[in-house]
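Next come two complexes, and both contain subunit A; in the first it sits with subunit B, in the second with subunit C.
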Partner chain A sequence: MTGSASIDAIAKDQPSAAARELRAHGLVRTYPIGRGAFGRAHTAVRAVDGVDLEITAGVTVGVVGESGSGKSTLGRLVSLLERPDAGRIVLDGRDTGRLHRAELQELRRRLQVVFQDPFGSLDPTKSIGHAVAEPLLVHRRVRRSGMATAAEELLTTVGLDPGLARRYPEQLSGGQRQRVCIARALALEPWLLVADEPTSALDLSTRSEILNLLLSLQQDTGLSILLISHDFATVQHLAHRVAVMYLGRIVEEGPTHDVVTNPQHPYTSALLSAVPVADPPRQRARQRVVLRGEAPNPARLPSGCRFRGRCRFAVAECATTDPQLTDLGSGHRVACLLHGAVGPAA
Partner chain B sequence: MSLAPPPSREPLLAVSDLAIDLAGETVQRGLIHDVSFTVAPGESVALIGESGCGKTMTGMAVLGLLPRGFTVSSGSIRLGGRDLLACSERELRSVRGRSLGAIFQEPMSSLDPTMRVGDQIAEARRLHLGESRKVARARAEELLDRVGIADAARRLDSYPHELSGGMQQRVMIASAIACDPDLVLADEPTTALDVTIQAEILELLRELRREQGIAVLLVTHDLGVVADFCDRVVVMYAGTVVERAGVDELFADPAHPYTRALLDAVPQTGHPRTLLPVIQGRVPVAGRFPAGCRFEPRCPHGGDERCLAPQHETALPGARSVRCARAAAGEPVTRPAVPA
Partner chain C sequence: MTATTVTAPSTAAAAPLPVESPWRQALRRLLRRPSSVVALGFLLVLIVLAVLAPWVAPHDPLVQDLESSFAPYSAQHWLGTDDLGRDVASRLIHAIRLALLAPLISVGVAVLLGVPTGLWAGLARGWVDAVLSRLADALLSLPGLAFALAIIAVVGPGLANVMVALGIVFAPTLFRVVRGAAMAVAEEPFIDAARSIGSRTWRILWVHVLPNVAAPLLVQATILMGLALLSEAGLSFLGLGVQPPEASWGSMLRTAYDNQFEAPLAVLPPGIAVVLTVLAFNTIGDAIRDVMTARGRR
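Up next, the complex of A and B:
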């Protein structure tokens, strides 16, 4: 059995495009903090606090937010690397919370993860060829003898010289390593790639190469991407839809163009206005929406809207009502009692 | 509103023909080669380029903090008319504390984790200005307040780990400006921070420039930050300066093919989901630079006979310069190719 034959075999038992769907409902993930003398947790932080997410075939969904927003935790939940404390994830029509280990293992290859740090993600003692084809070996898609061929094919898919298969991670640049990580993630032909800050550790010039690669892969294979990033520019360039997270919640979500040009949540406006644009006259003319104070301690969230302490539009009702996502039409949703009151970011 | 001072003023910092070698089994010459630029009082100058182009190394040379084995083999670095390369280690320490402040990317690796932040800031004033413990502490409180830390009196007794990343960076700025320096070197000061915190830190640095006339030499790879904060830009590639220009001119009309390529690598808001132009290849490893133009192997115009000879800096109209024979001859710079 050769590597290429085995890859074709996988393609056959891929779910059809219609089945390619991930739906997450009411996800909650809590982490204990501050342990007492007997190891019992004093308090808990809800890193993800009631999040719904939907990803369909061939679509890139971006998740943006600052540190502590819960975007990476959401990524780990969706990747099935962690189990939610509440809520469920339905992948290709199957509720992942109700599956046995073996079934979950089988389902898990339909989505794969790429992390920020291409240095920490690769075993320095294993050759690039081994790193790339290892998932195939683990899932018994190839034999050891077929690994070299499979690895070379995968490296070609991500635009690398197949000759790199015999090299080791330390001999590669950051951009090449990130391509290797993407090649390995693609080995089992997932339909969904979860990419957590895939370009943050890379140089400007290398970043554009990885963005191009993700775009081409999507065009050629219909791959879906969940792109988690603090970098609005990257998300804006790649994502069809974007979700903005603040303290464990999605506060605004919709088609990227709508959210960027016509943000409805005051936090989205502030976040967008803080991203400097690489155009000096335009940047000088922009008005920044300044946020008051720092984000509240996630273990002691305020009542009502969790953003209200920093919001310049806050009214009395914001302290009593916890706003839920409301559809403004055309699939643009916002969780703010005053939605519509916020103009586009200057 | 441009904060640029009139160009007639004497430069505060003048780096001229700087060259840095690495001593080892074989001496590697010209890791940094022929680097010249100036920073005027109160001005903000960006040093940009990919990793490995020598931005940080140049900054470290200005601070007199080159790592072991690296030596300045020629050129000069003058700060306020004083030749820093001729200074003794003792004199340099005094310059670093008083006239020259530094801010780095990781506040936690620059702040002493065992020392209260008030003591760290006060130490500089006691050491360099000979202030008493009490006076220096009062001044440290003012400084914390100045950099926007709420409840400064109480925060004096905090340890660095008790503060958020943004607050740590504010403490580092307070300690960098403790002795009213003329110039602050900021090496990727906001790279580790969230964008809303980055905007606040840049606003703080802007205020310090406006109110205290502090000049800033900003090492960064973020072109948005350059557009937001800087008056002039020095573009480095493979250890040399390839272009110097005012920020508006540089973004509107880059002269060097490398600058053009860097600017084009930024995703444009109007064209989502389109392939971006890429710079082929990689920055050459230090010590293995091409004999001619160092960018030639990656340049869309490479292969021209003129590119095979070492390139010299040529002055352009409007206080600009470029290190490219083609650009100096006024030939247009095309965009790098979009991959097929």
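Up next, the complex of A and C:
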């Protein structure tokens, strides 16, 4: 870590408001599942298979999908923790695939991550204060002697007692730990927070506390959040826009209100109907859309539309055409032949 | 910070709970075990004796007195004398220095060689791991003492050479232990978290991986200390370690062995010293394992 390099980097890219933008184009990430005699992969799963994503300052984007839909992989790609096999991620106007390691490290502070598991994402051998202020130390924003003060300030930001700085992760509850993780993510003042299932490891009451914390951060500081969740209710609570993923693809994307009140893709309808309504008579009267079967093996995708095997409206054409996202107007896009989507013949 | 305060800290008034780092906790647990206290105490006594040897030892360990060779235990010669009439007790006390220095050097060399490579291989995997692991396998496939003998054959006998040779022999063992533990730690989300805040690889290895593999590393290193002492004694017994007239427990055993018919009890002092010290190392190793794996995680 050379001092001069980081100083240069700070000087040349003070993020202007216009630069705060993340664009992902055609992201593909495959994982090998079978290996031949010489360790060469002969079968691969396309966990993320051609995803475009756009996040601008102050906008929270939710990504919803069932397990195995590739939403977490998408999160890891966007977090710059893994490199895509194809496609590119442009963060604040800079193509992350072409940057040198040092430049990439510097760019990372624009975008910070909150992980799913608050128990595993804190080093058990480090005090809370160290965990929270470490990003500042790494980026030479504070000296070691200034860590304690910085940590206490950050802990206050997320509503924790600054006295916790001297404790160790094992002495904290799950909710406290997740707040610590959020404080760590905020240390470098990123404009974008990638939160992969930030509440799924927490109990219900803590869950809403964490979501409200994220909500107030979003409202008070204009933080953008990429919120990844299997739970539509969680995403609805926070996201301005929502993207629904199925087997590595985004099948529907649009303003949250539009998507929730007027879902176009049959899969979105099914997901939404799984969200309980907080009104017993209405909940009882609701028509649930229950999906048949399970998601197909991602290593052997069906021809045409990936969802056709479980779709109530599947027609013959679905087997031959792979529908692409098509704009229905007002930024609401859907990948389904029912809504005029077209695509290459499979 | 530009971020705003969400809720005021309301729990500030509560009495602060005792804060204890995991290290301190482990040390406290270690000192609660009678066996490890005895073993640590024994090593402490050895260290004190080693430092104070010139003042504590009743005689000069190198002064010969052929008139009174093979003297029995007596008030003047607590543990008798050897074939050249040198005081055994004094030689034993002076040899503590070597007995402690030898394991330190060889385990130090092994740590320097094995730990950084093990950490790197465990985190990086891929070709780094493949190359380093094959190298370790190659070293492990050689019989340790024979390999040390070969190194001595090339560079010549002498304590320093022996210990460095042993260090090289021990390195792959430490490499294996550290690599395996580091691989497990590398899967933990806090390693991803460290990456996402922009930490370089060396920082992740040093700050986050090393402390989390400390338990198996310390256990293995302590046990290797005992093994190093034993190997040093063995090589000195064969005349490849420390050179006369200097004393080591191994060379004293050799002297006793050569003269077993004149002085059958002479093997006891150096023999018992070696056994007790190795036992102390192993006891501490076991205690560290128990104490550090019992650490409350999750």
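FYI, the second predicted complex is superposed on the first by the 324 of 346 C-alpha atoms of A that agree within 3 Å, B and C clash if a C-alpha of one lies under 4 Å from a C-alpha of the other, contacts with A are read in each partner's own complex, and residues count from 1 in each chain.
By definition in this document, contacts are C-beta pairs under 8 Å (C-beta built on N, C-alpha and C of every residue); 3 or more make two chains touch, one makes a residue touch a chain.
Keep in mind that this is a model prediction, so the values were computed, not measured.
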Superposed partners subunit B and subunit C on subunit A - clash or fit: fit
Touched partner set for A:316, first subunit B, second subunit C, both or neither: neither
Subunit B, subunit C and vertex subunit A (Cα centres) - angle in steps of 10°: 80
Touching partner for A:188 - first (subunit B), second (subunit C), both, neither: second
Partner chain(s) touched by A:127 [first = subunit B, second = subunit C, both, neither]: second
Touching partner for A:112 - first (subunit B), second (subunit C), both, neither: second
First (subunit B), second (subunit C), both or neither touched by A:294: first
Partner chain in contact with A:66 - subunit B first, subunit C second, else both or neither: first
Which of subunit B and subunit C A:204 touches, first, second, both or neither: first
If touched residues of subunit A are counted for subunit B and for subunit C, the larger one: C
First (subunit B), second (subunit C), both or neither touched by A:271: first
Touching partner for A:285 - first (subunit B), second (subunit C), both, neither: neither
Closest Cα approach, subunit C to subunit B, once both complexes are overlaid on chain A (Å): 7
Subunit A positions touched by subunit B in one structure and by subunit C in the second: 216
Of subunit C, residues touching subunit A in the complex: 1-12, 16-17, 19-23, 188-190, 192-200, 203, 207-208, 211-212, 214, 295-298
List of subunit A residues in touch with subunit C within their complex: 1, 79-81, 105-106, 108-109, 112-113, 115-117, 119-127, 134-135, 138-139, 153-163, 166-168, 170-171, 181, 184, 186-189, 213, 216-217, 220-221
Residue ranges of subunit B in contact with subunit A within the complex: 1, 50-51, 164-166, 194-200, 202-203, 221-229, 247-248, 251, 261-263, 265-267, 269, 272-279, 282, 339
Of subunit A, residues touching subunit B in the complex: 66-67, 173, 203-205, 207-209, 211-212, 215-216, 230, 232-234, 236-238, 256-257, 260, 270-271, 273-281, 283-284, 288, 290-291, 294
